[in-house]
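After this come two complexes, each holding chain A, first together with chain B and then together with chain C.
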Partner chain A sequence: MGDGRANNPNSHSNNNSSSNKPEWLEEYDVIGKIGEGTYGLVFLAKVKSNRSKPIAIKKFKQSKDGDGVSPTAIREIMLLREISHENVVKLANVHINHADMSLYLAFDYAEHDLYEIIRHHRDKVNQAINPYTVKSLLWQLLNGLNYLHSNWIVHRDLKPSNILVMGDGEEQGVVKIADFGLARIYQAPLKPLSENGVVVTIWYRAPELLLGAKHYTSAVDMWAVGCIFAELLTLKPLFQGQEVKGTINPFQLDQLDKIFKVLGHPTQEKWPTLVNLPHWQSDLQHIQGHKYETAGLYNVVHLSPKNPAYDLLSKMLEYDPQKRLTAAQALEHEYFRMEPLPGCNALVPPQPGEKVVNYPTRPVDTSTDIVGTISLQPSQPVSSGNSVSGAMSGSHVMQTRSMPRSMPMVGIQRMQPPGIPAYNLSQAGMGGGINPGNIPMPRGVAPQAHQQHQMRRKESGMGMTGYPPQPKSRRF
Partner chain B sequence: MAANFWTSSHYKQLLDPEEVDVVHPLDKERGITLEDFKLIKLHMSNYIARLAQNVKVRQRVVATAITYMRRVYVRRSMSEYDPRLVAPSCLYLASKAEESTVQARLLVFYIKKLYSDEKYRFEIKEILEMEMKILEALNYYLVVFHPYRALSQLLQDAGMNDATQLTWGLVNDTYKMDLILLHPPHLITLACIYIASVLKDKENTAWFEELRVDMNVVKNIAMEILDFYDSHKLITDDRVNAAMSKLAK
Partner chain C sequence: MEKSHHFSLSDLLCGEDDSCLNERGIKDLGSVSEFDDEYIKLLIQKESIFQSDGNGFSIESEGDWLKCARLDAIRWILETRAFFGFQFDTAYLSIIYLDIFLSRRSIDDPKLWAIRLLSVACLSVAAKMEECIVPALSEYHVDEFNFERNAIKKMELLVLSTLKWKMSLITPFAYLDYFSAKFSGELRCDELLKRAVELIIDVIKEVNVGEYRPSIIAATAVLASHDYALMEKDVEIKTNVIPSWESLEKEDLFSCYNLLRKCKFAKSNTPNSVILPNLSSSQSSSDHASENSSITSTVGVKRRLSYPDGDRCCPPRP
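And then the complex of A and B:
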């Protein structure tokens, strides 16, 4: 893409009907599945011509009959094709399989993400993240965000699993903001996500949105960065509200309650436009009736109010979106001018003698084939005759990576035997290797008993929009 | 990029007229001349606009769809990419890119209503397949900047609010040509304002001079638009039909 190599105008490479495997796939050695989300699957692959360069291939779910390419995919491609920044994920290529009308985005692969890094420290090494690493991660995240915002792009779905960090190699320890499925150019006011029927995690959602603000601004991303900063410091999500499901109403009382408990009650003096927000007005009884104790953010993050880190954090978590710190302002903050200074390799501190944490690599499920896996989902009618037979050609999958080490279960939502779709999770979780819907499964994707307890379903891999794990199912 | 035209893919992809006015060898074989080529693209631009009226999408979606269609034929032949299918498919793709998705079945419904001619009939599946081919032909560059964006601000600045409707109409008509592939959109806006000034007898020389733009380019674009209006008078249905008949189905 872009270099003309993969998009030879005269090539009709994908029209070859004798095989279900599109020709472009020959460029890659597909290693296995590394992620799964609402919009599809993510695979790890290597470019045959350059084996040292791993690639994450995001396969979009084939659309339901009659919808064509999903608007989410269109917007993600549209934005990614225009942007270029060291702290934003790089779209390396786009591919189409015309035979089954599926679309693939190829990204430079990032081995880690903040979700896994935080989890590793919390559950494995039981130790805070090195201050140099926290600061470097935050600085780079803000640097990427500043680029996006100065180009009038709001991400709208920042959360730890969407913030990737490069593993070994030239770009080791470099942060890459990923997942632009919900991102928008805001030259025109943006409609609330709920109007598009989109649901995103509420833990990182700004209070103005929870109170029904009609339009998005870049300040919503800064709130999310504040939440992520606190999580890097404490290894715990800052505001873990219980989500009310199945409503398009953005009002989430429990999430607001969690925020108010830590930051205190917002007031009109501090936030003048507060009274104009729909849910502030309509839900007087719940939100305005309850009186909260005085603010205790510094207690939650264990920082002295005089600490510059605390000052920066509290300015990102400012209630009034107009007063909230911008990414550009945050980069200028005193915190980043103090030792340890942020660096471009966030994972390896420049000082010799500092302990380097070895983060685990992403588990790879080598039993799922890249071609024709998605329409196997039983709850979705198989729309393309090619998909099932396509999945049979799974023999090229290589077992070059060691099997993932066994991971402690964080919650059943994150565990999934390969080949069994999320829809059947409850049954799959209980039934082990059984095939709940009695769906005929091709060899390549059949669940394998020995893998089930090792395989961990990644909600959100490289560049992948995934729903966050349900708060209920997370235990910390 | 998204906000800055000068770093956008749109800017990087601007073409010279010699690159746009090329009839694909496969189309030449069918006897399609450069005139035919332009006529068919004009006809398809009108088709997209009519279809858009029926499914009720904003002018910006129409403009993006026409831009996609014109970009497709810089690289692809009409023989392989039937304009009668490409046009509605471009509208379909543009509606998604501009966040006002139109259902493919709705398009199919209105196509039937607009044209009794069998050659315009396509199934939903064919539109979806063409959508992907168009994505590929566009090399996945989907962000398009339009002359509308700067229009009202510039008109106000020039003290020409009374000419809004006239200028808006002029801008609409520029999509009947390939101007959007050739020039930065704000220069197209200025060319339209320039024409409107002349038509309205509004003395605007000083205002144009204060803008730091190359007035020669603006005047040349204006001349192209006026030339188009002249030649447009000579376009008859028969000529369009003759050009269209060279496309096989």
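And then the complex of A and C:
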């Protein structure tokens, strides 16, 4: 992979541990820090031999003394090494700093993400995202997700900040799913996810998870895509629940309340397995005592019920995970066959004369050194004693046998841009999966805090202002 | 640590409540769905992509010391698996890591500590891949050595980079349920599956993990758990239901089946002894002369371990 230097058996012994700088770092010009979270730091760098190629280098924070290499890092890297798709972030290299045994992941860099794009439209240009861009972003997101699902990988933590979009360059406007992480890919046995393990950010969390379902299926990702689709249309999170914090995996009543208010009361008719879900039974008076009015989704997203976009959205937001649209089915939806047709460059509509929005680039903090950043870490507010590196701890490999429906095996490649060289720019997904409660976790099931937001709050200290109120990070 | 003076797989199995077996869905005796077929097909494809380059290591060509050190490492891994209650495929995966490591790097001279450190690192990495509860490094007990945790971590990193960070490798256990459903239908039972698990563990001691594809080992273990007297034609007919193998691999099926059969007979003929020289950690190795060396010598074209007398093979423990 990559230049393979970190993997070269000989490079280990040649490594000059007396020098402060690891040898592999000589390949890069490090420009500065672009992200920070409990998982560690993300730096922007350029490859010296190819100055036009930006790279995001994610430094994993050191694991707790005595635990060795963190399981989160192991699973994340394993997964990243196995996947390859134009709409999925590309791991370019793994580096080890032998002096302190820290791990660095080098990713192709992506300048934008949906969180920033949505925020820019809402707060700066005050204008909806154009329909071509919405459709192209959604199509590519589904295309990448279909690939992951076909390979038995469930992302589990899809949210706007994890959906990257390439900036200027040959891959401009190409979506890259990032921060999916740690889990093994095949052979996933039937093992319930642990109690502390529900990881999807609460606003994008599927109702079955909120009601205590123990198993992930690919349907949880489709729910998140539905929420993201609505957010692309309205520039506002669809279900902005107040997160209950404190205990491990608490019951998120407010989030469910927000969902039921828009989609209506869930019934056993619509969702037969509903009655088996733990919280549906135990929190009877809270949920079932409440009568929610009829659905009003079209009012929230300002779409006519006859609009194919509305039809697609409502099928992604189906309560029953078994009836929820799959990524492959969504790609076949009528919405994608109508004008404007989706394209590979989501940011630049094919029709000349269409206005192109210039999104801001990521701010870079040039004051932080990539080596010797250990001293920075004690200032991390969430770095509880056992916190370990590990972004991208979100995803989980799908259960193989308990899957409620068969996975489509179709590889939808129709958007593959012909002749695009293997020059995948994308970025390590700033933020996203952190795993403060780390080590003993089942197959990459890590508690997910809103690290993205936390990180961005930190960034705002680096000169970015105007952030909307964000949910605080959950602590475990 | 479970101390079994006469170490054998059945000790390991009996020492547990078999929950590890049940977890794998054995209770579910439903029929095989189309979804399973697709999944298994994908697995078989993937095993050839990811595991084809791990074949360089030939135990046969290595010195006796290394052969013995490998068996010693496997013994330690299996004991430790039982101690922590890991799944069998965790142990198997760590043995794959071990074999790949040995095939890509060389350990000069008899350095038992290096093999021990490697065993700990391989099992620890496999546990981090597979297990819900991962022990701290300090919980791994190695009788003779006291490894610093940083030393283990360093070895973990060396293992990971030697694997080129491709840790997700397929083990035969991934196929067990499917093949037992395919081959035995209603005859499936826990007892047979347990026997298949034993056979898989036995065979990994016999051959380097790269020698047979995991699916071949799984299929033949399931067949052998039922019946040790199949002819080549029977094996072929039985396994024709799995379309993914190519003709070359079909030849492997029978040779692997024969190997399993011989493991089985060797075991039943010499109840206390066995395939491994120097099985118990408390015994010195010299009293294990057995006819083991004849077990495998007649089988097939594959290179495989031969077992010289234990005392020649294993150095005394420090």
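As a working rule, the second predicted complex is superposed on the first by the 348 of 476 C-alpha atoms of A that agree within 3 Å, B and C clash if a C-alpha of one lies under 4 Å from a C-alpha of the other, contacts with A are read in each partner's own complex, and residues count from 1 in each chain.
One rule holds in what follows: a contact is a pair of C-beta atoms (placed from the backbone, for glycine too) under 8 Å apart; a residue touches a chain by one contact, two chains touch by 3 or more.
Predicted model, so just to flag it, every value in this text is computed and none were measured.
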In the superposed model, which partner reaches more residues of chain A, chain B or chain C?
C
Looking at A:153, would you say it contacts chain B, chain C, both, or neither? Reply first, second, both or neither.
first
With both complexes superposed on chain A, which partner does A:348 reach: first (chain B), second (chain C), both or neither?
neither
Looking at A:331, would you say it contacts chain B, chain C, both, or neither? Reply first, second, both or neither.
neither
In the overlaid three-chain picture, which partner chain does A:101 touch, first (chain B) or second (chain C), both, or neither?
both
For A:82 in the superposed arrangement: first (chain B), second (chain C), both or neither?
both
For chain A, which residues belong to both interfaces, chain B and chain C?
1, 7, 9, 66-69, 71, 74-75, 77-79, 81-82, 94, 96, 98, 101, 152, 184-185, 187
Residue ranges of chain A in contact with chain C within the complex:
1, 4, 6-7, 9, 12, 65-71, 74-75, 77-79, 81-82, 94, 96, 98, 101, 152, 184-187, 189-191, 194, 400-401, 403, 406-407, 409, 439-443
Residues of chain A that touch chain B when the two form their complex
1-2, 7, 9, 63, 66-69, 71, 74-75, 77-79, 81-83, 94, 96, 98, 101, 103, 150-153, 184-185, 187
Residue set of chain B touching chain A in the complex reads 1-4, 8-9, 75-76, 92-93, 96-97, 99, 101, 103-105, 124, 127-129, 131-133, 135-137, 139-143, 149
Residues of chain C that touch chain A when the two form their complex
23-25, 28, 33-36, 38-39, 42-43, 46, 50, 87, 89, 104-105, 121, 124-125, 128-130, 132-134, 136-138, 149-150, 152-154, 156-158, 160-162, 164-168, 170-171, 173-174, 177
